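Letters A, B, C, D and E mark the chains in the order given here, with residues in each chain numbered from 1 onward.
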Amino acid sequence: MLGITGGKVFDPINGIDGRLMDIWIKDGKVVPEEMIDKSEAQIIDASGKVVMPGGVDIHSHIAGAKVNSGRKMCPEDSLRLLRPRSQITRSGSGLTVPSTHLTGYLYSEMGYTTVMEAAAAPLVARHTHEELEDIPNIDKGVFITMGNNHFIMKCIRDGELGKAKDYVAWLVGAAKGFAIKIVNPGGVENWKYGKNVQNLDDEVIGFGVTPRQILTTLGQINKDLKLPHPLHIHGLRLGQAGNVDITIETMELMNEFNGHFCHVQFMSYGGERGSLPQSASKKIAQAINEKSGVSVDVGQIVFGPATTMTSDGPAQFSLHQRIGGKWINDDLESESGGGLAPLTFKRNNPLHGTMWLTGLEIFLLVDDPWKVFLTTDHPNAGPFLGYPQVIRLLMDRDYRTREFERLHTKAKKNALLPELKREYTLYEIAIITRGGPARRLGLKNKGHLGIGADADLTVYLPDDDKEEMFSHPAWVVKDGEIVVKDGHLVREQPGRTMYVSPNYDPQIEEDIKAHFKESYTISFENYSIRSEHMGPNEKISCD
Amino acid sequence: MKKFFTLITGRTKKQAHGLHKGIGSPDYIAATSYVEICPDDIASLGIIEGQKVKLLSEAGSVELAVHSADIPIGLLFIPMGPAANQLVGPETFGTGMPSFKGMQIKVSPL
Amino acid sequence: MSRIIEDVICKFCGCLCDDIAVETEDDHIVKIKRACPNGRSMFLDYDSSFSKPLVNGREVEWDEAITAAADILDKADSPLIYGLSSTSSESQRKAVELADHLGAVIDSTSSVCHFPTSQALQAVGEATCTLGEVKNRADLLIYWGCNPLVSHIRHFSRYSANAKGMLLPNGRKDRTVVVVDVRPTATSKVADIFLQIKPETDYEILSSLRALVHGKKPEYCIDGVNIEQLEQLAAMLKNCRYGVIFFGMGLTMSTGRSYNVTELFTLVAELNKFNRFSAMPMRGHGNVAGADQVLTWLSGYPTAVSFACGIPQIGPGEFTSVDMLAGKEIDAAFIIASNPAVHFPHAAASHLKKIPTIHMAPVSNGFTGDADVILPTACYGIDAPGTSYRMDNVPLRLRSVLKKKRPTDEEVLIQIIKAVKKC
Amino acid sequence: MGCVSCVGFNQEIAGIKDDIVLRLKEPTTIPIEAESICPDLFVKRSYREIYDLPVYYGRRKMRLGELFSIDGEKSDFITIEDDVSNVKKIGSKMTSGKIVVHGDVGRHVGASMAGGEIVIRGNAADKAGINMQGGLLWIKGNAGHQTGSALPGENKGVNHGVIIVEGNAGLELGACMRRGIIAVLGDVGDFAGARMIAGSILVFGHLAKRAGAGMKRGSIISFGSSEPLLPTYRYEAIVQPVFIGILLKYLKELGIVFESDMTGKSYERYSGDINALGKGEIFIHVKS
Amino acid sequence: MHINEVEIEDTFAEAFGMKVATVIITAINEKWAKTAAQLATGFGTSIIACGCEAGVVSTLSPDQTPDGRPGVLALFFTTSRKEMEKQLLNRLGQCVMTSPTSACYNGMEGGKPVTIGGKLRYFGDGFQSSKLINNRRFWRIPMMDGEFVIEEKFNVCSAVGGGNFFILAENQKVCLAAAEKAVKVMKKLPGIIMPFPGGIVRSGSKIGSKYKGQHVSVNTSYCPSIQRQVGADLPAGVNSVLEIVIDGVDEEAVRQSMCEGIRAACLPGILKITAGNYGGKLGQYHFHLHKILSA
């Protein structure tokens, strides 16, 4: 039993904006005061401090084949952040691609308690789950890539949409995924012929379907299956100048099905195709503001080292062609692909400056904070450790102006940012880092401190320097246990992996078996992941 | 005989099979205790197939029976295993990998 | 009672064929279907009977053996944990936890197979794919310094040369197979083109190919091949639809090592400007790829990791077992699921005999004769389930077909960690 | 070619006083990691404080004084007596001061050093001067593999600084080097200057094969014998490069005495690696 | 004051602050080093029309040059750093780079550098490369005969220009002989150049002229042939006057050279030694002849 008393609570889901409140915890849940025997409860005196629900990250690459390839490829990244083992914790290494335990510690120390791994191909999801089990102190889930899935594309081609729905339901359950992820629909398949897609009606080679069909089909399925999170979409032409139009077109297409558009910063550039991207933040923000079914996370650039990694193989290849250096590509049979390339975002690079501006402007121009969430698309736009800095940029206009002044002259030219006066409040920060992502993920027990919520919360020391405030919370409670005390990690405990397992017509399995024989190199029987082979896990119901 | 041979060690089906029987098993020992040399080299060494030769590297020496095989002149092949490893030195050139392939070997008939 | 278990995964080599049918009778394997000779004997020769651990040659109870093992590790100033290739990733994770806790050096058999490949990946990255892409798309297959028909016997039929796939309905007829090696092998005999090169010239040939692919002519041709052969190969590389180069220890064990692979990876990366191309190392033992994966996610580094200074550090040539043993830098060794006594150069193997050694493996693999503590465990994929990574890093859950009569590596490691923490 | 004697240099060593003398108490083959043997850390510390500096004996964290006898304090000049061939990372990351080792030294000596001077009177193990950022590393015996190369995964290695090896050096000398000078009076192994970005490598003994593999820019100068270069190197011409004279003059000023004057001699110039940028060059001395 | 019965006027030479660069030019042999240096310092008598004042100071043995080859040391004087950059770029680019086997290096520490090699490198059309040796960057530009090496930066220091003295003689022959002797002695001294022909200037100069647009004109006060017309104050019997102008790296170098030069010039037939000044209003350095000579 635990009480967090006298703190100034920011709990947007419950409409609490800085009210002095006590929070009571029992058996890992937030409970009414009367259920607590105060003589036995441990009390955290939060008076003078800020209390928020534990942070919820809607999109981060923390585990699985791609992340591990990044670790393997970049031993130099290990040297950027080394943590010795302690009495209670394991050793670890890596800044942009931290080792598993370290990932848990770092999120925990930043006040985060729930993190979504943004992509795994189902074929290698088992790997992702193994790593997730080794990430302590946070709950997590994994999005399953389906935008280039052969079976689904065949169903679309053959007009068998019911079959597609059953397959999707089976697949997300088999991979123990939490949501459906779409990455460059059709483009990754075309990349296996050295090509890509540029428009929603381009043809996917060998299937005769289009990105539009893939998006709408999966959008409808996602809706029909009542998955807690809407379709998680990484659209076409990532990183290319002028891609804002296709992004808006895709938003319009997906509005009726609901869609979460991830790392939208990378998808919101103006400028002629092939030229240097410009910020199209105004245009994209307007689209987001107008469309009720759309939410985004930003993928804000944080200057410094990054490791770009995505299932979008062709995007990674063109990045590699542009910047040289190391490059990993991994084509995954019948499902997906992906690539990686290390990169450093530099303040004095005009393009990087533009990207940085694009992200911040989106944050400031989207009116409703419930539609825009804080991410750095870790580690694509920079490591998640940059969140506190981004929060400061949003909350502190003077700081933002100073940072703006440090950009390359070319990036500053015609920039919108200097005119944007908005400063985020603590309440709004609580929305974009907790309430918003939790609600959009459909996690009823996360992101708030109402009765029955998971007892995940963070206590901050108020500080004018918001970066300092959000970097070093004084207390972090996970599942009712104190994991960070006086700014120090004091406890390592396993987190849960949350997954969905929607119902499907078992008849579909025969079709899938046939598909496996034809397309895969492993058998159907060896494909599905069983929950008993995972670490601690929790099935989230679809209703 | 002054000429050096280049030693390549590698897997064979029998060596793999022998592993299942245990490293002390006669199958395994038989599968890893011979050296392949091409007929031309066998002739120029003045030996016959089946005869034992002494193989000498900077790291050590071993005596093995000669098998004639279709391999290039100047090459020796020994299945991976304890016999071959008598000849492989521990030098890894800072990589961790010893020269399981490419050791220079002197061959002398016994 | 007889039963047939389908879709069993064979973990002998990196192929992890998962279509094996195992017939058991009274908890004995009596028949194997579809496995290669290597896989077949792995199952059929396996002895799953109960056996007790040994301490200094004396049979003891497990508790005592665990204590003895923990004691050796606790006393050591510089312990080495080595092997891991033939165990499950669950056990590998525990082995890393033990190493981290102790401050030990942990190294896998990658150290003497594809660590140079990891080093190449660290230098330039790698364009790769899963085996299904090979099966479904690859019209040009190149085997460089590897001999799959001996080491990965079903590779050809299941995944590569002979497999029928999406874009290759006629299988072998639709594909071109090239073998590059220093000697004729079983694999070279079935190739369309066999490029026989002189030993120790792989780097030069790869480098010349890179130049030719970019329309540049090398200054001279390497002894053993002629320029027309290389020009022809370069043209094939550029003109295929989806090419894959499989490579083996012909590159990693000869001079050049990681540089050979770096050159190959770079060639493959550059070929993606013309068409699609992938490279794939022919990973050997069942879960050696998993050892790399597990060590990487737990420490940041794939092989040869030292936790001695409290943090993970990588050290090719420094924390690699052969170097540490030959340099006598190790004063106790815990060998898991491998047999360095026969796989290491004599100078390194002999140091193992001089230091306290713990050896944990299924009985039938054979133990290092001089191990102080011998821990006979169950065999993953036969009498214990567990996760294993295929050579293309696709993870599979190994099935258990026999009743387990000995503890698993994972269970023993958990006990040892507990015991060490008490020390 | 080679060094006859380094007269000026030796006098310099003899002239310095007030050094801190370390001596390993007991010989061992267990690796010792001693990043703390560094003038930056010693210069302001008392005997007691130096005694307490951390070192790792295998996996045991110990105090420097438990493994080494220490004579002296508060100095940026460290002398290490006898053999420390199992002691790693001596002088790594140092920025000033001087270390003299009167024997063999372990791996990573002078790794990432940014300034100051290290003199090894015996041999140095692998990875000496890896990722060096400045200063002078002088190895009077042989050097191991990856001398003056880059850290794992880094494509950029030595940046500023001078490494002199009077004996032989192993494989991958100066790999990924991007600035600086490495001079080896003896032979060097394969892949000298591999993936080099810039800088100069001077080899007075035998240059083994695959020198300059993947080199973008930079110069490798062979004054002795050489294996045939890679086929991706193009012969250009016989030249008398003036900058070699500048390099030799500088090395002479540092204290190397050459047997014969190499200034103004003729060299075959090869450019490559054509698979990389191709702006690297290898000079092979033309024997008259 | 008299030296060898020659009267030394109690006056002072008025000199100005200038900028100096020291350039070492080397080549395969001394001949070619000199050839390049002479050309580079040529047409460098006066900043009035040449942009700089330059001269060769000494030859350097191989162990005195950075590349171990024979060389020469040349000094260049200009009125500003900016002008120095322009002059060196032109002169080293046109006269040294083009000269067979040549190379050139900064020969001086201190001051503020100007980028010369770092700009001339573009002549290499992308094939130039550089070497950083002992914290000095040298650019290598491929040439038809080999390569041209030039240091990236040359230091520019404050210096003294326009130290001078006048030799007033009874005839032209004696006057020239005295001046030549003075120059010969002064040439052995470090840190100075005498930029005019053979170290001697016959025109003299004064600021201003009767003509518009002509900013300087002949020093009429010392022209014996018109001495009465201009009302010059020359001693009786003076029929010829020559001036020696000195630029030096510092005051001491100028002072010493003036001292030795004047002493050497005091030959029979010389009537007086004097010096030029503007009443002390224009130059910041004043070299009082009596002070110099009695030190």
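Observations
We take it that a residue touches a chain if its C-beta (ideal position, glycine included) is under 8 Å from a C-beta of that chain, and two chains touch if they have at least 3 such contacts.
Worth saying up front: this structure is predicted, and the values here are computed from it rather than measured.
Grouping the chains by touch while chain D is set aside gives A, B, C | E. The largest tally of C-beta contacts between two chains is found for A-C. When every chain is represented by the mean of its C-alpha atoms, the one lying closest to the mean of all protein C-alpha atoms is D. Chain A and chain B have Cα centroids separated by 55 Å. Chain C and chain E have centres, each the mean of its CA atoms, that are 76 Å apart.
Chain centres here are Cα averages; for chain B and chain D they lie 38 Å apart.
Chain centres here are Cα means. That of chain A falls 46 Å from that of chain D. Multi-chain contact residues of chain D (touching two or more other chains): 126-127, 145-146, 152-153, 155.
Among all residues of chain E, none touch two or more other chains. Counting only residues that touch two or more partner chains, chain B has 93-94. Chains touching one another form the pairs A-C, A-D, B-C, B-D, C-D, D-E.
Chain C meets chain B in the complex at residues 12, 37-38, 41-42, 45-46, 107, 111-112, 115-116, 119, 147, 150-151, 153, 182-184, 196, 198-200, 249-250, 252-255, 257-258, 303-304, 316-318, 320-323, 325-326, 339, 341-349, 364-366, 369. Contacts from chain D toward chain E in the complex involve residues 160, 179-181, 200, 217, 219, 239-243, 245-250, 253, 261, 263-264, 279. Chain E makes touch with chain D in their complex at residues 26, 28, 62, 65-69, 101, 103, 127, 129, 131-134, 138, 140, 146-147, 149. Those residues of chain B lying in contact with chain C across their complex are 6, 8-13, 16-17, 19-25, 59-60, 70-72, 75, 77, 80-82, 85-86, 88-90, 92-102.
Looking at the complex, you find that chain B touches chain D at residues 93-94.
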